[in-house]
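What follows is a pair of complexes built around subunit A, which joins subunit B in one and subunit C in the other.
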Partner chain A sequence: MTGYLSDVAALARKDLVVELRTRDTVPAMLLFIVAALVVFHFALPEGSSRLAAGGMLWIALLFTALLALVRAFVGEREEGTLDGLLLAPCDRSAIWLGKTLSVLAFLLFAEAVALPAFALFYEPLTWELVAGVALANVGIATVGTLLGAMAAATRARELLLPLLFLPVALPLVIGGVGATLADEPGRYLAFLALYDLIFAILSWASFEYVVTE
Partner chain B sequence: MIRAYGLGRRFGERRVLKGIDFQLGQGEFLLVTGPNGSGKTTLLRLLAGLLAPTDGTLEVEIDRGRVGFLGHEPLLYRHLTALENLDLYGRLYRVSERRERAGMLLERYGLWEVRAEPTASFSRGMMQRLALCRTLLHQPELLLLDEPFSALDTQGAELLDAELGGNGPRTVVVASHQPERIAAHSTRRLALT
Partner chain C sequence: MSTSLRNNGAALLSLAAAALLVAGISLALFWAPEDVDQGILQKIFYVHVPVALTAYAAFGWGAWKALRLLWKGGDRYDLESYTAVHMGVIFGVLTLVTGSIWAKASWGHWWVWSERQLTLFLILFLFYSAYFMLRYSTDPGPRRARTSAVYALFGVALIPVSFLAIRLAEGLIHPVVFTRDGPQMDGAMFLTFCVCLAGMLALGGGLYLLELAGKRADASLQELRERLT
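Here is the complex of A and B:
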C-alpha cells in the first residue's frame, strides 16, 4: 500500500512540476472561467434570478474542467511517455489516480479564482455551493481522467472527449445546481458523494483496460 | 524465458506480424533483422507487454519490473531534467539507491554535466543516451532495444557496444538495421520478412 501511494504521489508530483514549468493548462483554465463569468454577467438580463446565475456557474465550471481533461493525457500520448509509465511495474490504476489528483489540483486552482469572481459578479458564496463544487470536482476528475485517457488515444480527441464526458457529467450538473439552489441541499450533496464513489471505483478498476492495446 | 508460437499481430485489417515461432533462454542475445515494416518494432512492443498478440501465444516468464525497453521514443519528459526523469523512473521501478545509480549512469553516458537541465534542450543523441540510462536504471534481466544505435555518435555507440558486450546472465533482444554492429554480441538471429 505504501508503494502504491508512493507511486501515486510521484506521478501527481511529476504532473504538477511539468505544469509549473510549462503553464499549459492552469492559466488557460483561469482565463476561460473568468472570461466566461464576465460574459455571462453581461449576457444575463438586468435583475436575473439567482437561479440563472447558479446554472451559469456550473456550465462555466464544467467547460473549464474540459480544458484540463483534454490535456491530461495528450502530452503523455504525443511524447510516448505513457508507454514509459505502462512499462513500469507500478499498478496501472496508480497512473489514473496520480493523474486524477493533478487534475483535481488544477480544478482547485481555477476555482480559487472563479468562486470569488462569482461572488463579485453574481451572488455571495454559500457553504452549500462550496461543498457542491468540492464534491463535483472529485466526480469530474475521476471520470474525466478515465475518459481523457480514452480520448487521447484517438486523433479526434478534442471532439471526442466532450462527447464522452458531458453526458456522463450531467448528473454532476444536476447535483451541483440542486445543492446550490434547492431548499434541501443535503439530498443533492449526498447524490454527488454517491456519484463520486461509484465512478471512482469504476474508473479505478477499468483504467488498465482503457490503456491496454 | 520467452516462448512464442505462431505469434502474430494485426492492426485492424493490416497484418504486421505473422506466424513467429521462437524460444529464448536466459542469457541469450537475439538479433532481429528485417526490412522496414516487417514487424521488428511490433515484436519488441509485444515482448515488452505494450501490445497484446492478436494471433498465437507469447509467454514471457519475467516480471514486468525486470524488463528494460528502448523504443523509437525516449519515453522521457521534456520539461523535467535528466536527473528528475531518472528519479521518477527509479521510484516507479523501486530502484534501491536510485540517486546513486542514476548518477553513475549519467556519468557513464556523459550526461552528468547536464543533469539539471530540462531534456527539452537536449539533442537527439543526448536524448538517446538518457533513454539508455532510463532503460538500464533498474538493471533489467530482459533488455529490449529497438534500433539502439540511432542518433548515437561514435562515443555513444562505443559505450553501448561495451554495455552489450558485458551481457552476463541478461537476456537481450535487439532490432537493428545495422546487424554488423550487433553481430559480435548476438547468439541467435531472427529474420523477419
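Here is the complex of A and C:
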C-alpha cells in the first residue's frame, strides 16, 4: 500500500514539476477563466440576478477544467511519455490517480484566482459555493482524467474530449448550481459527494483497460 | 448451423413483436378505458413508455456485454455491445420524439424542461452520440473494443446519477405513474401496457439480432476480401 501511494505521489510530482518548468497549462487556465468572467459580464443583461451570475461561474469552471484535461494526456502522447509510464513497474491505476491529483492541483490553482475574481466582479462568496466547487473538482478530475486518456488515443483528440466529458459532467453542474443557489444546499452537496464516489471507483477500476494497447 | 439458428431467433422475435404490437395497440385503442384527465391523448403512453423502457433495456444489455468483454475478453462481445447501444440510441430518439408529441398535446409546448424522463433521454442521447464519435475516431482493434466498453459502462452509471440530479433539480410536472406503491392505473390499462411493453421489447430484440447478423456478415466479408488481396 505504501508502495502504491509513493508511486502515486511520484507520478503527481512529475506532472507538477513539468508544469513548474514549462508553465504551459496553469497560466492559460487563469487567463481563460478571468477572461470568461469578463465576457459573462457583457453577456448578462443589465440588472441580471445573482442566480444568472452563479450559473455562469459554473460554466466558466467547467470549460476551464476542459483546458487542463485536454493538456493532461495530449502532451504525454505526443512525447511518448505514456508508453514509458505503462512500462514502469507500478499499478496502472496509480497513473490515473497521479494524473487526477495533478489535475486537481491545477484546478485548485485556477480557482484560487477565479473565486476571488468572481467575488470582486459579481457576488460575495458563500461557504456553500466553495464547498460545492471543492466537491465538483474531485468529480471533474476523476472522470475527466479517464475520459482524457480515452480521447487522447483517438484521431480526433482534443476535439473529442468536450463531447465525451460534458454529458457526464452535467450532473456536476446540476449539483454545483443547486449548492450555490438553492435554499437547502445540503442535499446538493451530498449528491456531489455521491457522484464523486461512484465515478472515482469506476474510473479507478477501468483506467487500465483504456490505456493498454 | 449457428447462424441459421440466430436468424431464426430474429425471425421469431419479429413475428412475436408484430403480433404483440398489433394486439397491444388494438387493446389500447378499443379496450383499455380512457384516462379521466387526458382522454384519448393518454393512449400515447402505451407507445412512449414501452419505447423508453426498451431503450433502457438496450443500454443495459450493451453495458452487460461490455462488462463481459472487460471480464473475459473476446471480439464478439464488442460487436454485441455496440449493436445494443446502437439500438438503444434508435429507441432513445423515438422516446424523445413521442415524448415531445405528448408534451405538445398536453402542455402546449414541444419541449418542457421539467419533464424529467425526457431531459434524461436528452442527456443520454448526447452521451451515446459521443460513443459513436469515440468509436469512429479510433482504429478497429482490441483497444477500441475496451475503450468503447468502458464508455458503455459509464453510461449505465450515468443513468441513475443523472436521474437523481434531475429529480433534485426540477419540479413535478411529469405524471408519475409508477410509484413505490406499484403502478397507479387500473387492471385493464396495466395489462394493455404489459402487452405493448412485451411487443416493444420483442421488436428491440429482433432488430438487435438482425443488425448483429448483418454486422457479423459485414465483418466476415471484410475478412474474406483482405485474404483475397
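By our rule, the second predicted complex is superposed on the first by the 213 of 213 C-alpha atoms of A that agree within 3 Å, B and C clash if a C-alpha of one lies under 4 Å from a C-alpha of the other, contacts with A are read in each partner's own complex, and residues count from 1 in each chain.
To be clear about the criterion, a contact is a pair of C-beta atoms (placed from the backbone, for glycine too) under 8 Å apart; a residue touches a chain by one contact, two chains touch by 3 or more.
Keep in mind that this is a model prediction, so the values were computed, not measured.
Peer 1: Contacts for A:22 in the overlay, against subunit B (first) and subunit C (second): which applies, first, second, both or neither?
Peer 2: In the superposition, A:22 contacts subunit B only.
Peer 1: Applying the touch criterion given at the start, work out whether A:212 contacts subunit B, subunit C, both or neither, answering first, second, both or neither.
Peer 2: both
Peer 1: For A:56, select first, second, both or neither according to whether it touches subunit B, subunit C, the two together, or no partner.
Peer 2: It touches nothing on subunit B or subunit C.
Peer 1: Touch test for A:191: subunit B only (first), subunit C only (second), both, or neither?
Peer 2: Only subunit C is touched by A:191; subunit B is not.
Peer 1: Comparing subunit C with subunit B, which touches more residues belonging to subunit A?
Peer 2: C
Peer 1: For A:84, decide between first (touching subunit B), second (touching subunit C), both and neither.
Peer 2: first
Peer 1: Taking the superposition as given, does A:10 touch the first partner, subunit B, the second, subunit C, both, or neither?
Peer 2: First partner only.
Peer 1: Figure out whether A:160 sits in contact with subunit B (first) or subunit C (second), or with both, or with neither.
Peer 2: The answer is second: A:160 touches subunit C but not subunit B.
Peer 1: Can you list the residues of subunit A that meet both subunit B and subunit C?
Peer 2: Of subunit A, residues 212-213 contact subunit B in one complex and subunit C in the other.
Peer 1: In the complex of these two chains, what residues of subunit B are touching subunit A?
Peer 2: Going by the criterion above, the answer is residues 48-52, 63-65, 67, 69, 71-80, 84, 88-89, 91-94, 118, 134.
Peer 1: Which residues, counting only subunit A, touch subunit B once they are in their complex?
Peer 2: 3, 6-7, 10-11, 14, 17-18, 21-22, 79-81, 83-90, 212-213
Peer 1: Okay, in this complex, where on subunit C does subunit A touch?
Peer 2: Going by the criterion above, the answer is residues 70, 123-124, 126-127, 129-130, 133-134, 137-139, 142-143, 146-147, 149-151, 153-154, 157-158, 161-162, 164-166, 168-169.
Peer 1: Quick one: in the complex, what on subunit A touches subunit C?
Peer 2: These residues of subunit A touch subunit C: 143, 146, 150-151, 153-156, 160, 163-164, 166-168, 170-171, 174-175, 178, 187-188, 191, 194-195, 198-199, 202, 206, 209-210, 212-213.
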